[in-house]
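Look at the two complexes coming up: chain A is in both, with chain B in one and chain C in the other.
After this line comes the complex of A and B, so read on.
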């Protein structure tokens, strides 16, 4: 389990995370939702140890260090692969550095998404790069897979394929933390939704709980954010002097 | 050990073909320019031919292109490869050392290729030049009399050998320093300073060394200081990121 206690992070004088506490048990698919600048990426980078912070983050009861960092993988829309290297080269490199790398899963996913093995990754299209980034994260052999807006730039069909494949291949020991703005798309795919706003967790709910209450995820998010449905019409009204 | 070789292999796979391509073009350019000079100045000796064929300029461009190619792998320009480096079980300082060793190998290969090309051109001269202009010592003497030839292969001038080693080690360290700093959002300027100084000071008269040793020593020192005093990494990855 990843346990986050009172996590705080500031950039200069601005607080990006204001005492976030969260637990991510094994085997869950968790959606992390929030506006731009809410703290989603910062939270993930703190978990990975890319940023210094105050608070406490443990992985299966231990601090996250070089010894256990291989248990966490990371797919980001910024991409973390080596552009000049081929997919085959990445596979060899990952196999050397991540002992639990799944060659079988890697080949199956490369085959499914029809990605070339011997071309430098920098020559891939944006969609293919995103696919490859996620493939590496899924095949590393990590127990916790963090994904930060991994599908930015992929078409809807491609994203649908990915959700289905993910559901099909994930094992019980694997946890996914998926940060995305595509709430409706992932609502059937995730088991739990965590809402972050202004550096604070403002909502944390299991989708089964929402189903029991007869609510959908979008409604829950709008309620949590106190979204005012008439906001746009009122703004237009003011802008156009009531002519709309 | 395999993990370290794997990191060095990563840099090798990213640059090898480019380095070879540049080398083939540079060697071809040197051969063509030397043969053209031989035809234009049939009565010139080797030293004058080497000078008039602008071999030193081709070598300088070749050298700069090597530096430019070696500096790119590991930079966070189009993707954040630093995220992957930070998740490896070896430290980023070890990654820096692996890249430095690979870069040193590449620069040594560059010098070896240049020496072989220059020697080959000298041998070509001894075959094509009129018999009265060639003796058994022609090539040997050329490597003493020509500033360029002597600078790349200083024969018994031990101090210049030390200079060459220092320049190559410094270039290797500085080309690895650039991506290390780039991944931290800083500009590793040492490679720029070092490349300019080595480019203009590498070829010198016998016994003269210019400012090369002083600057290369300083830039390499600055690069090593930056990398090995970077505490953030130890803080985060050896003890956890909490501060």
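After this line comes the complex of A and C, so read on.
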């Protein structure tokens, strides 16, 4: 389990995370939702140790260090692959550094998405780059897979393929923390939704719980964010002096 | 086959996928230029110092009474300067290699979460340091060639004593 307690992070004087506490047990697919700048990426980067922070983050009861970092993988829309390296080169590199790297899963996913093995990854299209980024994260052999807007730039068919593949290949040991704006798309695919706003967790709910309450995810999010449906029409009204 | 193996071995000490041709070309070309520059700069300086030992009388060259040749290190002067520049250039590759993890994609995220914390350093500084070591060796060889030239062609009576010791004092 990844346990986050009272996590705080500031950039200059601005607080990006204001005492976030969260638990990510094994085997869950968790959606992390929030506006731009809400703190989603910062949260993930703190978990990975990329950013200094105050508070406590543990992985299966231990501090996250080089000894256990291989249990966490990361896919980001910024892309963390090596542009000049081929897919085959990545496979060799990952095999060398991550002992639990799944060659079988890697080849199956490369085959499924029809990605070339011997071309430098920088020559891939944006969609292919995103696919490859996620493939690496899924094949590292990690128990906790962090994904930060991994499908930005992929078309809808492609994304749907990915959700299906994800559901099909993930094992009980694997946890996915997926940050995305595509709420409706992932609503059937995630088991839990965590809402972050202004650096604070403002909502944390299991989708099964929502189903029991007869509520969908979008409604829950709108309620939690106190979304005002008439906001746009009122703004237009004011702008156009009631002529609209 | 041998060159492929060598290339693969070097790849392990550079950022993954980094083409090394530019660095190899700079290294080889730079060493050739530095070695040629060092030798010819030394020859020009040495010839001038050697000429100063002689005067011509009735068409015959004679050595001035009590004339001494400047120390080898003085004659050598700044002949090795290109090697210094080349070494700095190679050191620049360490920065270039490290910055490559931020260019295009953010592969720094992968490098920073590798279980082996030294991998990023290994792949950033090993080749530049090896190149600098090789440059030092070439510079040393060139110094020895120049020193041999100096010792062989300078008239014995004009040589100041302890040239070898003076050279080592300068090297150290």
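Going forward, the second predicted complex is superposed on the first by the 244 of 244 C-alpha atoms of A that agree within 3 Å, B and C clash if a C-alpha of one lies under 4 Å from a C-alpha of the other, contacts with A are read in each partner's own complex, and residues count from 1 in each chain.
The rule we apply is simple: a contact is a pair of C-beta atoms (placed from the backbone, for glycine too) under 8 Å apart; a residue touches a chain by one contact, two chains touch by 3 or more.
Everything quoted here is computed from the prediction, not taken from an experiment.
Chemist: Give one word, clash or fit, describing how chain B and chain C relate on chain A after superposing.
Modeler: clash
Chemist: Which partner chains sit in contact with A:152 here, chain B, chain C, both or neither? Use first/second/both/neither.
Modeler: The answer is neither, since A:152 touches no partner chain.
Chemist: Looking at chain A, does chain C or chain B touch more of its residues?
Modeler: Ranking chain B and chain C by residues of chain A touched puts B first.
Chemist: Mind working out whether A:85 is in touch with chain B, chain C, both or neither, as first, second, both or neither?
Modeler: both
Chemist: Once the shared chain is lined up, is A:169 touching chain B (first), chain C (second), both, or neither of them?
Modeler: It touches nothing on chain B or chain C.
Chemist: Applying the touch criterion given at the start, work out whether A:54 contacts chain B, chain C, both or neither, answering first, second, both or neither.
Modeler: first
Chemist: Which holds for A:122: it touches chain B only (first), chain C only (second), both, or neither?
Modeler: After superposing on A, A:122 lies in contact with both chain B and chain C.
Chemist: Looking at the overlay, what does A:46 touch: chain B (first), chain C (second), both, or neither?
Modeler: In the superposition, A:46 contacts chain B only.
Chemist: A:63 contacts which: chain B (first), chain C (second), both, neither?
Modeler: Once the two structures are laid over each other on A, A:63 reaches chain B alone.
Chemist: Counting clashing C-alpha atoms after the superposition, which of 127-135, 145-153 or 235-243 on chain B is the one that bumps into chain C?
Modeler: The superposed arrangement places chain B into chain C at 145-153.
Chemist: From the superposed pair, tell me which chain A residues show up as contacts to chain B and also as contacts to chain C.
Modeler: Dual-contact residues (chain A): 48-50, 66-67, 69-70, 72, 74, 76, 78-86, 89, 93, 97, 122, 129.
Chemist: Once bound in the complex, which stretches of chain C touch chain A?
Modeler: 15-19, 103-110, 112-117, 119
Chemist: Where on chain A is chain B touching in the complex?
Modeler: By the definition above, chain A touches chain B via 46, 48-57, 63-67, 69-70, 72-74, 76, 78-86, 89, 92-93, 96-97, 122, 129.
Chemist: Which residues of chain A touch chain C in their complex?
Modeler: Residue list for chain A touching chain C: 48-50, 66-67, 69-70, 72, 74, 76, 78-86, 89-90, 93, 97-98, 120-122, 129.
Chemist: Okay, in this complex, where on chain B does chain A touch?
Modeler: Against chain A, the touching part of chain B is residues 2-3, 6, 9-10, 13-15, 72-73, 78-84, 86-91, 232, 235-243.
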